[in-house]
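Chain nomenclature is as follows: A, B, C, D, E and F, assigned in order of appearance, with residue numbering initiated at 1 for each chain independently.
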Amino acid sequence: MGSVGAKEVPVLLSPEGLRIDGRKLDELRPIRIRAGPLHQADGSAFVEWGANKVMAAVYGPREVHPRHLQQNNKAVIQCRYNMAAFSVDERKRPGLDRRSQEISKVIAEAFESVVFAEEYPRTSIDVYIEVLQANAGTRCAGLVAASVALADAGIPMADLLPAVAVGKIDGKIALDLKKEEDNFGEADLPMALVPQSGRLVLLQMEGHMTPEELSRSLDLGVAGCKVIYEKMKQALRDRYATTELPGGSA
Amino acid sequence: MSGEVASELRTTHVLDLAASGKRLDGRALDEYRAVSIEPGFIATADGSALVRLGDTVVAAGVKLELGKPFPDTPNAGVLTTNAELVPLSSPTFEPGPPQPGAIEVSRVVDRAIRAAETIDLARLCVTPGEKTWVCYVDLHVLDHSGNLIDAAMLAGVSALAHAVVPAKRFGVAEADYALAVGHLPIECTFVRLGDAIVVDPTFDEEQAAQGRLTIATDELGRVVAMQKGLVGAFSPDDVRSMVSRALAHGDRLRAAARGGPA
Amino acid sequence: MGSVGAKEVPVLLSPEGLRIDGRKLDELRPIRIRAGPLHQADGSAFVEWGANKVMAAVYGPREVHPRHLQQNNKAVIQCRYNMAAFSVDERKRPGLDRRSQEISKVIAEAFESVVFAEEYPRTSIDVYIEVLQANAGTRCAGLVAASVALADAGIPMADLLPAVAVGKIDGKIALDLKKEEDNFGEADLPMALVPQSGRLVLLQMEGHMTPEELSRSLDLGVAGCKVIYEKMKQALRDRYATTELPGGSA
Amino acid sequence: MSGEVASELRTTHVLDLAASGKRLDGRALDEYRAVSIEPGFIATADGSALVRLGDTVVAAGVKLELGKPFPDTPNAGVLTTNAELVPLSSPTFEPGPPQPGAIEVSRVVDRAIRAAETIDLARLCVTPGEKTWVCYVDLHVLDHSGNLIDAAMLAGVSALAHAVVPAKRFGVAEADYALAVGHLPIECTFVRLGDAIVVDPTFDEEQAAQGRLTIATDELGRVVAMQKGLVGAFSPDDVRSMVSRALAHGDRLRAAARGGPA
Amino acid sequence: MSGEVASELRTTHVLDLAASGKRLDGRALDEYRAVSIEPGFIATADGSALVRLGDTVVAAGVKLELGKPFPDTPNAGVLTTNAELVPLSSPTFEPGPPQPGAIEVSRVVDRAIRAAETIDLARLCVTPGEKTWVCYVDLHVLDHSGNLIDAAMLAGVSALAHAVVPAKRFGVAEADYALAVGHLPIECTFVRLGDAIVVDPTFDEEQAAQGRLTIATDELGRVVAMQKGLVGAFSPDDVRSMVSRALAHGDRLRAAARGGPA
Amino acid sequence: MGSVGAKEVPVLLSPEGLRIDGRKLDELRPIRIRAGPLHQADGSAFVEWGANKVMAAVYGPREVHPRHLQQNNKAVIQCRYNMAAFSVDERKRPGLDRRSQEISKVIAEAFESVVFAEEYPRTSIDVYIEVLQANAGTRCAGLVAASVALADAGIPMADLLPAVAVGKIDGKIALDLKKEEDNFGEADLPMALVPQSGRLVLLQMEGHMTPEELSRSLDLGVAGCKVIYEKMKQALRDRYATTELPGGSA
């Protein structure tokens, strides 16, 4: 969303209706997903999505730490979304700021909605997301990475969780905003879908949209999630063919 | 009977009631609790309000102080929203640094105020790059009987709508003047209870909920912010339906926040 | 106490011996006490005292948190005195500063002196005080509110704890200072009394007083506490007639 | 024998002794322990003292640095008192952020210094609104054998009474000069043990105490600060009696802090 | 089989192997794992590298920002090294404030960069006493399979060797330019396993180790930093022997960090 | 090591090869060690070494706090090296900075290398070091003090741990640097020795040395440690003759 008093707003849509990187309104940025790049984690995934680079790892089911969070009838799912100091233009102070804590919370709640947590009472399933390079849409990239990492760790889930943000630029609804579109656009609406039920487990929005625009945004996002879903499944299939490290052939 | 067992029984009861279109406190599924707003409750604040939403009570205080603009927005004022879910207000809150729940409340309220452009930040600037008003919106929860976000939002916009810029005290004008406010966003929160989706949940309904969705709308009939919370899921059609309900509730509540009858 | 280098000292006593708000030296500010305004807490009270607004709540006896504070032979009494960011002229950073921590400590010790804690071993009785609007005397208003909240919660105690501050302005001993008197006065002496024993369980002082002035201050404060004691008992009696919320008819 | 049982037996013994006018270490009820003060103990400080009060040991260091005055007191210097109850000094202290006990010691000492106007803050100001001396009084407890407040106060005022303003090093004067100090406040602490009220409690007496009262007096015979602590109560007559005892002890200890014999 | 027992068996096995000159992964005692360095891995950084040392992965990012020099070094730039041992990278790391292990990595890397004078801090100064470049070296551990210090050092110097000063973006020059780097220090870490001393330990070897020594050398053949860690001891002769081995490994690794083949 | 851009470098070695305080290159500063000065601690020591004043105390074996650090097969050794705010020229903010945390870690590891921790499973041995006045070499002074304090507390150890730093000034290897030598010298190499085995349990270095200089530094440091070792043993022997407090006859 446009910061008041910030630099001049760039042209976000060409006369031909193309975006600053040449995409059409309903076009995703290129996405590459690799499952299992890390050796210490029980499951992991690396996602390059446009100019985002996001690593996720899963540990567990394991002992709950701190102990008083332990639940007798199910596993607790703890999520930590963190941005590396060098992942953004102006260096970010290390540690979780309020934004990261909010995102960690909604991502944890999204996964609690699909993980079969009652199969592992008194344990913790820890989901870690590290944003190494950020260019709008990192929470969705993090969800996608963490979802593949959970599957890589063998955690039973109702479904994978594809995620994407829909936004509004120059008055048009557009899929998968990149940084300049996010900074100078009029709305941003990230969502995560359970493909088999068609329901959303993460949904946030900021900006302004008419109810009709919002309705179309939901449809566009759901369609985008389905494309990403296929890439996630392919990454898990490829897992058994390659164990390359992140950036190996990037 | 342990607290855990009691809580499970209550959850079952809440869900059973909802299945037959009823609620523990007798409300209809789309009925909001009684709202009362007392502006000016805090004399030490530049703007304030005490909001009661059923048994939920939130005090909001606005303070304006002079400070420096951010380097990347030299012509803009600064807005800071903070929510304190103090342990006085609920057996479930603990002393210590802000918990994720408090952070979520403050961020969701903050997003709505920014997106609705309630405050024209450019007008807060006194000397570009040098001096600006910093506007603090502090939300202090006193009694947590459910639906904190809506109550906090109402308290926040009411406090802003009645705030006075202390320009004389800070020596930048001859007289104090009312803070200019634009659109007032109103949050409207729903939870799923089985197949039913109810508005303005109580604490017990939140405990039983299978998903929560908060929708902020402004007086132009636009959606300016949303936040899904808790474990659970909503279909796009669920969302569309809640958006229309949120718009209706928003109009009524906005009048109350501006000073009219709720 | 006067801050060095601060603004000019106002006239605190008129030629007729009246104070800036027209009170006599031994006169209290108006006090309203409401018992039980909150729904979540086990006990609560709201006190409006001059221009102070203070809410108190009590939870417990309940599980001790953090666990290692648990005592085998009695309840622990934990107190948290906190000022809202908007309760003072210059916005206060949220969270407990050193002053709040000290006040929390002496208030907790005052209540430990009267609560029959040995009746609830291995539990915690948590006393929370939130200052919403401050105008000198908030720790005494907090004690009064917390004391009524403890009674409202049904916690057995030897007695209620009325409290008041005595001060010195323009060389005279005065009861219950308001903000300007506190800022520009010569001494401040808050105390809390156990009415039935005539003993003090909280006593602090800052400023300067001769031993004779201090002696008279103690007597004046004890007399003030007795007046407040009656209002506290009345508030508890009224509890069963009304359950109105704070500010309801303010 | 568990630590808890041993501690209870010791408490009973301390109370029994007090009932017959006696104390564990043989002192009379109104007898202070031996005090020794070593000024200048810390060469890196601008003023310092090592104080021993029986087995209790506290080091104080005063540092003076240039800084900005507070906006609301542009003509005044800044005084900051801080007490560190490091875990080296007692089995009961834990590592971590300052505990309430440490905060209480620093605040009670600080209040007495301010109320007695030991330091004329106006004289610390170098350029009004711009530059002032900031005076740090750091109290470092090394051995906690009871009555920390009195020991810390003595160490603090001794360090101040011997402090030198490093004006030459900071380039604001041709030469360093002694810090001007006015009245020296002395804290005197009592605890109730049954019906007896004893001065200068040891650690064991503090554990057994039914109330503690600290009274700071200055050399004009005025009371400048008081602090009741611990569980327990005092009658107004108790307080009056302790005030006269505190004045007597104060005179003797103040001479020691100034540099004379204790 | 509990984790503790498994870990003890692995330790015994590692030590048995070492006694016969062998290692779990088949390396010789003085053999370093394969190293790969990918400079420019992070486009948002002014300099960056992804380093893989066997299964250990560390990302480093260099950021240059304008700031104020320290008062006591008005003509010098500022260098800040920070290591994040995030819980993503190892089951043994916990969320929260930096642990001693993370602090040790950052301080040992920082010491080597300073002692080797990799960056001429004087050249970072823009206006003496007013404005200087602040150079942040952030080390982000992604996979902790042993020997973090060496991997972090390699990532850090590679990122520095490829860093660009964003002078145009910050408006202090017409164009950006490459950061000038001098000597590149290389850390080389050894652990004792019984009587054997092995280079570049894996995680399992670190668990089994009876002492660790890290030696940083520069291209002039000098030792610029050392750090002994873990429980265990080394004789002066052990140290002398490791120094010569560290010099040899350092030459080879330095070429890789500069951009040549590892 | 010299700070870039700092004040002018003083002359560290006279034409006769003497140091600024008149010492020869292989000469230690005066050292005084007192065992057992504190009453609350289970063991303690006070070390004055040149212009350093360092107090150490040991508590334990005792209950582990926080509990989750407890080990079933041995005592944990926790070390806290802390500098008093007034111990250095520019006032230090109270609390452990990164340097203090690193030093605490390497000192703890040094003691773990000699203490017979397996004799006290499930307990903690807590070593506290307070630097009251600092003048280069405080970690070595702290190690020496803590080592004597451990012996004073009766903790069984393989040996005492004498420690000293060797440095390089004006191109020469020198024993036991004082502050100016440390600030303007070319290298600093602190070490702690197990005298009976001749092995080092603490070793750090910063600066630059040729391998040959480093080799000589190790020999010089080991020789220095042996001198200090004798003073440590003497202090423990004197323990039974005096129980004076720190600074008592200083």
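Here is the rule we go by: contacts are C-beta pairs under 8 Å (C-beta built on N, C-alpha and C of every residue); 3 or more make two chains touch, one makes a residue touch a chain.
Quantities reported herein were computed from a predicted structural model and do not represent experimental measurements.
Participant: Under the touch criterion given at the top, what is the topological distance in steps from subunit E to subunit F?
Facilitator: Step count on the best path from subunit E to subunit F: 1.
Participant: If you walk touching chains, what's the least steps from subunit B to subunit E?
Facilitator: Minimum number of steps from subunit B to subunit E: 2.
Participant: State the chain with the largest centre-to-centre distance from subunit D, centres being mean CA positions.
Facilitator: Chain A.
Participant: Relative to subunit B, which chain has the most distant C-alpha mean position?
Facilitator: Result for the farthest chain: F.
Participant: Go ahead and note the Å separation of the Cα centroids belonging to subunit B and subunit F.
Facilitator: 57
Participant: Measure off the straight-line distance from the CA centroid of subunit A to the CA centroid of subunit E, and report it in whole Å.
Facilitator: Each chain reduced to its C-alpha mean, subunit A and subunit E end up 31 Å apart.
Participant: How many Å are there between the centre of subunit A and the centre of subunit F, using C-alpha atoms for each centre?
Facilitator: The separation of the two C-alpha centroids amounts to 50 Å.
Participant: Could you list which residues of subunit B touch at least two other chains?
Facilitator: none
Participant: If a residue has to touch 2 or more other chains to count, which residues of subunit A qualify?
Facilitator: none
Participant: What does subunit C use to touch subunit B in their complex?
Facilitator: Contacts found on subunit C: 38-41, 51, 53, 55-57, 59, 62, 65, 80, 82, 84-91, 94-95, 126, 128-130, 132-135, 245-247, 250.
Participant: Touching subunit C in the complex: which residues of subunit D?
Facilitator: That would be residues 69, 72-76, 98, 100, 103-104, 106-107, 111, 114-116, 121-122, 125, 211, 213, 218, 220-236, 238-240, 243-244, 247 of subunit D.
Participant: Would you pull the subunit F residues touching subunit E in the complex into a rising list?
Facilitator: Those in contact with subunit E are residues 1, 3-6, 98-99, 101-102, 104-106, 109, 112-113, 187, 189, 194, 197-211, 214-215, 218-219, 222.
Participant: In their shared complex, at which residues does subunit D touch subunit F?
Facilitator: Within the complex, subunit D contacts subunit F at residues 38, 41-45, 48, 50, 52, 55, 57, 59, 61-63, 65, 82, 84, 86-91, 94-95, 97-98, 136, 138, 140, 142-145, 203.
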